[in-house]
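What follows is chain A paired twice: with chain B in the first complex and chain C in the second.
Up next is the complex of A and B:
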């Protein structure tokens, strides 16, 4: 009977870590196929013009077209406008989370109510608010009963983006509240007791204890919402305004959609998608660096 | 050793399972109106046709008619199965774009007539219908000229849609207007609008959040200074000529109507179908609409309450006198279909005499076939509409501009005017920009468009 040679420690260390990777490999391959391949193709298309039966390499022509296109700049400025929703969401989420944290009567019910919009489909939310914001819709009817003149929330160029923003804030608020509340639950109660003993008032407690304790959660929420305002608002615009009136409520995703699927300008759409991806990646890297810096500072 | 064997085996099984899941093809979605007779003899080759279908928005009842048609066809042809996939208005063009890019999808598809069809013809996604349907059959189909290119008909018509201006006779009487003599000139039209407004009646009810009312105004008002559609095509190719009042001067008239408050005050926040609800509810005196809606409004309001007119005329061009009927949506064979002959036979079956009558009975919309007997039209209002749609020239101007310019130019410009967010100069700027963008992004299509103009 052959004698089995013992495995040297070096070989044993090399072989053992392979198993987790082998188990994960099929899914990694699948993710590369589903996400990686389309990303490569999008970058490729951004340098091409697909004209019927022919595909032409045009270099940076699509990027130059975008930079000269007033509709692109309008879309970008609308996304930039939506970034104003981030500090509003931060402030409102903090406020609601703090109120719920103070265990007011029925706080669990209020938490569920505040979170409920977040679980609704954005399309359904957009449809409902699309009806409510009509010139003779529910909102204006209520305002007129109160003696206030209604406005054309979706038909007036100056009001359409604030109207869309209000819906996004309404829906995203619940996520921030639940995130902050969950983090608050793990803050040691002794910190607040010690602060009260030292004579801190409500504002001082939350300014000097709550907000620093929530710093990581705030950073995370801020970055997620910035990414949302840049690249996750298509549903609202598509359903509520179709990018109108004119181009007043175009956002970058809607610009990509129209160029890719309505106008068959796949090259232009891909170029904008690449630019949006680059900005999003920068934000993600920025978030990780911020988090690492925060953790290093705490240590 | 046993543990190592177990781990290898588990990893191998997992990999195999995931690979199999990834490679499994999914069955296409959509309703399957099967109806073959039990025990019927089946010839050698079974054929499965996929039909991407849109018509319900134009003609309520169209979906049920098609399901019934498929059932009857399958009973008569047991070896043929037709899979019906209903399309939505918002994704009709985009979905077919994806199919055309992949050269995979339906055997029979539908796109709006003329440019939406021809742009797919030029992209190589369409097989010429006239190669598969005999001319002695095609000669009966109406408005086939809308999809004619290089001597071939590339798509077939199913029904005719006109866009009359419908008016409420009672509200006309209330405003002191003669309900049996609607305005024919633009001058008379403006007087009628003023009279209605003076009596507190909203003259026109439409919805333009989705941009379609603006597009309809282009087809009804923008046509009036033109002598031919080729003039428009030349202007589109040049881009700058679109600033000529011949092509965009009508925006001033539309702007005037808006500024004087002749449209409903929520026109910018309602979409087209929402805007249509205003007329049958008696809230507005007039509305542009389609045959299917008109049939329904006659049933809802009564024959004696409704009148129709052509869009009043201000223009001096030859096309100012045409009516605006179009086949609206066109059926065509896809170039990649392996069953073109069978698909063409199915399309022919849609023009079977019994099917034409059934179509009209269900939808109230006129079939696009001269074998349809107009004596079947009992309503005097609808009979007048039939005469408008089948006598004289018919042009729906929107059909003749590229889809990009339609979306980025036509619809957007109309929204700017109807929402009071800009004036005629802004509308012209939008058109020019759309034309330049189209030329930059679709050089192949521009070449084909030029050939189409000169042919």
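Up next is the complex of A and C:
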């Protein structure tokens, strides 16, 4: 809608102003350089062997290589395993958010405390947990006092991924709690009052009111956490296990890191990145559907 | 209160107490360990130090490259956040108020990019930076980081700018404000709460980032604090108290920001979500 323009009526009314283009230009160029260019290039590199100055097309060789590489499959299955953390996080954050929502004594304090791990540097956190999980570390000492045998939490192939997962859950939980709590506070109180008059118990109340009301927030959190488990766990693995013991705690990011920067196999790393990109695209679709649903709900 | 209700309240408090202990314990561990000598750590894992010492901090500040890395991280964080905030504010203003041709498509692309993880971009960016000679420079890393922050920043600011009343803009237009003056003098001050949130969240992100820092700044004297800390560990892996002292220094800035500006964090990190 054109704004009434008393100063220079002839000049501005009919022509599209230029300034929005100028304002948007740096942003658009920057995004093209940092997202657009690499997303195109990574596909190209995945079909090439990239050397210092030379590139050679090798067709699907990089893809064939990773599909035959047991370490790739190990990494993939570890990321898949980490996805199990998502339902755990959903359940725990819902539970804590609901309990805090009841305005129990000290809820503000608890909210601040549960969110705190989320802001701490994953590198520092990973180092600390690495020590706490050491064979002679705090955790095993505690277990010994309780009369339970300890274990080599990060040194044993079968335990290393659950241990890494525990740290990720520890750090991500607060995000879910705060998100759900914020959303709960905007649920109309009458809904709960009506349910109570109808004689609904705690379980029914949350089953039939809280969860449907929070559906979009829950789905949003689930999508964000799925992305986290697939592509934001490098920090933990790098400082806690360096992918070990053996290859037991390799994840896709670590596999990309090793191939690209330790073995200089940029093509192989790119092929993995392309696969991750494909998965991300699927998630983007989900994300957009959620967003549209949330906008529809607002209107 | 009935007996049952009291029992329930007690149970919830116990549960919350347990959760608090689990949430806070690692921080306590880092703190008390950093104040122990290496010898004391071996026999006293749990309790606060019997003979507290600042030797680890002295070593961190005087005997290592940590101060240098700290300054590096500080420079990178401040410049990245500054640049990306300005670029994002101009872009967001154009999207929210300029309604230029294609602004919807740009905004939707932005939302899609929120989901794209940096690992996918790292290899081509690395090769590009090597070719243009920006590897092992702060400029290269800042360029990459700032770009990565733009989608979230624009998303948050567009949503905020859209909540500003139309009259503010009309009044300024009638006064003959140029778009740049309007953004700087009128919109930015009104958006101060959103901007503070954005700056805090982005700064913590840059400060904590590891993968890119590790790969793009490989010279010892160019390391960021997080990369330095991660590599530190390999060298002093048996000196746990020293590493914990370094870690404490590394997480302290974000922790202090959190303690004094909790609401900005909570607002910023829930702002990306949908209702």
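Here are a few things to note about the model shown:
The definition used in the following text is that the second predicted complex is superposed on the first by the 263 of 299 C-alpha atoms of A that agree within 3 Å, B and C clash if a C-alpha of one lies under 4 Å from a C-alpha of the other, contacts with A are read in each partner's own complex, and residues count from 1 in each chain.
Everything below uses one rule, namely that a contact is a pair of C-beta atoms (placed from the backbone, for glycine too) under 8 Å apart; a residue touches a chain by one contact, two chains touch by 3 or more.
Note that the structure is predicted; figures quoted are calculated from it, not measured.
Applying the stated contact rule after C-alpha superposition, one finds that A:297 touches chain C and leaves chain B untouched. In the superposition on chain A, contact of A:19 is made with both chain B and chain C. Within the superposed three-chain model, A:120 lies in touch with chain C and out of touch with chain B [touch as defined at top].
Within the superposed three-chain model, A:255 lies out of touch with both chain B and chain C [touch as defined at top]. In the superposition on chain A, contact is made by A:99 with chain C only, not with chain B. Look at A:270: by the touch rule set out above, it reaches chain C but stays clear of chain B. Once the two structures are superposed, chain B and chain C can be ranked by residues of chain A touched, with C on top.
Judged by the touch definition given at the top, the superposed model places A:137 against both chain B and chain C. With both structures placed on the common chain, the touch criterion links A:63 to neither chain B nor chain C.
Shared-chain residue A:246: touches chain B; no touch with chain C. In the superposition on chain A, chain A positions 19, 23, 26-27, 30, 33, 50, 137, 261 are in contact with chain B in one complex as well as with chain C in the other.
Chain A makes touch with chain C in their complex at residues 3, 5-7, 16-17, 19-21, 23-24, 26-28, 30-31, 33-35, 37-39, 41-42, 45, 50, 96, 99, 102, 104-106, 110, 112-125, 127-132, 137-138, 141, 170, 174-175, 178-179, 182-183, 186, 216-217, 220-221, 223-224, 227, 230-232, 234-235, 238-239, 252-253, 256-257, 260-261, 266, 269-270, 273, 276-277, 280, 283-284, 287-288, 290-291, 294, 297-298. In the complex of the two chains, the chain C residues touching chain A come out as 9, 12-13, 15-16, 19-20, 22-24, 26-27, 29-30, 33, 45-46, 87-88, 90-91, 93-95, 97-101, 103, 106, 108-117, 119-128, 143-144, 146-148, 150-151, 154, 170, 173-174, 176, 178-180, 183, 204, 207-208, 210-211, 214-215, 226, 229-230, 233, 240, 243-244, 247-248, 250-251, 254-255, 257-258, 262, 265-266, 269-270, 273-275. Listed in rising order, the residues of chain A touching chain B in the complex are 19, 22-23, 25-27, 30, 33, 49-54, 65, 69-71, 133-137, 152-157, 241-242, 244-248, 258, 261-265, 267-268. Considering their complex, residues 7, 11, 14-15, 18-19, 22, 93-94, 97-98, 101, 119, 122-124, 209-211, 265-270, 274, 403-404, 407-408, 412-413, 415-416, 418-422, 426, 430, 433, 437-438, 440-445, 448 of chain B touch chain A.
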